[in-house]
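This is the structure I have questions about; it appears just below.
We just call them A, B and C in the order they show up, numbering each chain from 1.
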Amino acid sequence: MHDQFEEVESSLDSVSLRSRAWSSLKADKIAFASVVIVLLLIFIAIFAPWFAPKKPLYQYPDGLSEIGAPQGPGKHFLLGADQNGRDVLSRLIFGARVSLTVGVVATALASFIGVTIGAISGYLGGWVESILMRLTDIVLSFPILLFCIALIAVTGPSTKNVVLVIAFAYWTYLARIIRSQVLSLKEREFVIAARSLGLTTPQIIRRHIIPHLIPTIIVYSTLGVATSILIEASLSFLGIGVPLPQPSWGEMISEGQKYFQSAPWLLVAPGVTMIIAVLAFNLMGDWLTDLFDTSSMGVKR
Amino acid sequence: MSAQSNSLLSVADLTVHFKGKGGLFASQPVKAVDGVTFEIFEGETLGIAGESGSGKSTLARALIGINKPNSGSISVRGNTISNFSNSALRPIRKKLQMVFQDPYDSLDPRFTIAESIAEGLQIRNLPKSEIKDEVRALLETVKLPASLATRFPKELSGGQRQRVAIARALATKPDLIICDEAVAALDVSVRAQILNLLQDIQVQTGISYIFISHDLSTLRYISKNVAIMYAGKIVEYGNSDEVLTNPQHPYTRALVSAVPNISGQKGEKFKSVGEPPDLANLPSGCAFNPRCKESLATCSSEAPKLVTTLSGSQAACHLIKPYEDSGFHKGGENHA
Amino acid sequence: MSRWIVRRTAQMLAVVWGVMTLAFILAFIVPGDPARMVAGTNASPEAVANIRHQLGLDQSLLTQYMHFLGRLLRGDLGVSFALQNQTVGSEIWRALPFTAILAVAGVLWEILLGVPFGIISAYRPKSFFDRVSTFSALFGLSTPPFWLGLILLYFLAFKLSVFPLNGVGHPLIWYLILPSFTLGVGGAAFYSRIVRTTVINVLQSPFIEFAQLKGMPSGLILRRHVIRHALMPIVTMIGMDLGYFLGGVLIVESIFGIPGIGQLAFRSISTLDVPMITGTVLVASVFMVIMNFIVDVLYTFIDPRVRLQRNN
């Protein structure tokens, strides 16, 4: 009975990941759309100057009406102008640069910290694990947002601080997930076999543990970019995000809210852009989860 | 196995305790292996049997340095260690290898077959060119086609994977391989092939095995001596034909009678009742006494020691008269 | 079991101690001279020195730390720098009811929206309803809460005048409907996803099949088996969310002008009111730690497997 299952299983698994990814994308329109949107966003962010119809920071005199109110969406300003007469669309396009950079860098940092701490505490166990996990508990039960606001109030808002603060908030989740995966990985027989062969702990972690964590890391990094974009927006909303005049989506919403009763597009345009971006990253994360089947990979139940 | 060979591995009074869960308010330690002593000679196979939880796998893992022993000593070719630090264990670990129960899990699914086998070779610091030849040679030793080298474990059958695991263990040139339920997960026909392969390798290289199994017929087929473990202790030890056809300890008798007989004879039913013991909370005296039908008053107060029985094997049971104590039998087989 | 509770309590206290220490460090890295702040900008250097002595700021770091811990153990959070003659405790006490009601209402939204949608989706996987609800859940997870709050304000309060625009008044619950909805929407989306997965797993398990085979009515199966299983992962999240919300929900409180703990904290940060910052941070994290503890204890009552494990 076991052997029959195995036949089926192995024939399925020998199909390469790339072709499996391709066929699942063809079948799943939503996943396909999400991947396209993410790639497009990255492309737009990189080549922002080529895509933006106007200058993001320039205050166009014709962006404001005679009484000084911002112009609504129209021929000149596709998505309207803001309270300073700047082009909303161009700011959104340059904002993609800021928001994605913050998201990607913060997630990368958080993944690095989370994977290191999770893997070390999971693999070594004992008092190392106790200390690292209590530390994680403390950070998790600390009101992160308050703490970050206080920190930024001290150090002053800067893009670097925003990135650090997001990474500081997100690493704990990864640390916990990675730890539990490593806990079950290290009991797998191929890891014990490697130990009995005489491989050193760093060798085992590098060769037999980390490769199995990659799907999880990819999935949670994708979701992490989505989360980071949202956190950046929250920080900007509270006035401690990416400093002015750099356009970030969160900053645009928080500026827009002051005028939204007369110029609702200032709120709608960045909000919808952000939702589409975050949604795309989340959907892509879901698709990757299914593709890697992280629930069965690396973790044996 | 006629010639008198040299002692390869001897284990004396080995004890492995696990801490009860939870640091400060920890419960009683679990005595997984409790004062185990045995010896294996070159080219010999020792079988170890017992229920799950009897400590046989912990013993195996202690020998290859995965579980740290608390006390006792291990010596390989007279090289004795009783301090089980990582650095002390390393030279011994190289001589002992293990083949695991689950061929679906013991090979890293992300490694090709060649990479898995080569992992054992890299430890020996062989140059790259030699590694390739050596992998090919090892595949040949375990009778696998060289074409499998670039495949992944998923593409192999259970028996093939177990052959790869054996090749990987052989790669370090060990003196002894511990097979922990190594054929339990395989089909009966494949099982026989793997057992024969192991025996062929033994004949060619003079390697020793420790064969851990709950399957007594497998043990009788492959091993010269057999040790029966119960609650972390060896309760009976001796020549496997002798122990398995003429068991002395009540627990061994129960194990043997539980094996279905091919002739259709039902034999005695498994006589002991009740659950396997709770290792954190063992009964006093002989750990087997609550399940033993023949238990005496002394059984619950005093732990029996291993003594040589009339049949020549050793057993730890108050019911058994030690060979030395009995006045007759002076002209026993020992004098012959 | 009792041993487990003792151990868990010790663990909780260790985390609380860690949080206190972190709060102490936090108070130190906030810039500005607290003594000058209390004394006022026009005070003479002698007066400042006097106040510094009164506040114990001229003592060694360790002494200050021990004093700090000692005060906390007596439940004394200190006196606000910015609000003259107000203790931190009384300020927090005044803000707490708003935050508490908001938190409970937010969690109610999460449950009321999340659980039924999750269960219905699970009963009809891949149906139109399931697709719509799965997608809206993802939508809810991807929407910045403050943006949603602002949009709700714009349409329902500003344009249609269905709800009050800002602040709090009488009856309080009327003023909290939009804020609590804004608060709960993200969680509701998350709950429905979790409930859906859990229920699909439960429905595929042999004991449900058995219950169906023996002719148990599906309503009874739902009540007796499905909901119980679906609630288990939810209990953890409800506890965590409640703990998190009770610590003040900065953004929602500031959009809707609710004078809760979040607003208090935010205000104290902008005025660099150190005792108030540490006080609010501490209260928020203690809520979190306590809710975590309660969830863990609750689990032993809900799940017999966990109980069995902890008894040993």
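Definition applied: a contact is a pair of C-beta atoms (placed from the backbone, for glycine too) under 8 Å apart; a residue touches a chain by one contact, two chains touch by 3 or more.
Keep in mind the model is a prediction, meaning the values are calculated, not measured.
Of all the chains, the one whose CA centre sits at the greatest distance from that of chain A is B. Here the chain at the heart of the structure, going by C-alpha means, is A. One inter-chain figure worth recording: chain A and chain C are separated by 23 Å, centre to centre, where each centre is the mean of the chain's CA atoms.
Centroids built from CA atoms put chain C at 54 Å from chain B. Work out the mean CA point of chain A and of chain B, and you get 50 Å between them. Under the contact definition stated at the top, not a single residue of chain C touches 2 or more other chains.
Residue ranges of chain C in contact with chain A, taken from their complex: 11, 14-15, 18-19, 22, 26, 29-31, 135, 138-139, 141-147, 150-151, 154, 158, 243-244, 247-248, 250-251, 254, 265-266, 269-270, 272, 277, 280-281, 284-285, 288-289, 292.
In the complex of the two chains, the chain B residues touching chain A come out as 23, 61, 64-66, 90, 93-94, 96-98, 100-102, 105-110, 119-120, 123, 152, 154-158, 165, 168, 172, 185, 187. Listing the residues of chain A that touch chain C in their complex gives 30, 134-135, 137-138, 140-143, 145-147, 149-151, 153-154, 226, 230, 233-234, 237-238, 250, 253, 257, 260-261, 264, 267-268, 271, 274-275, 278-279, 282-283, 286. The part of chain A that touches chain B in the complex is made up of residues 2-3, 6, 9-10, 13-14, 130, 188-190, 192-199, 207-208, 211-212, 300.
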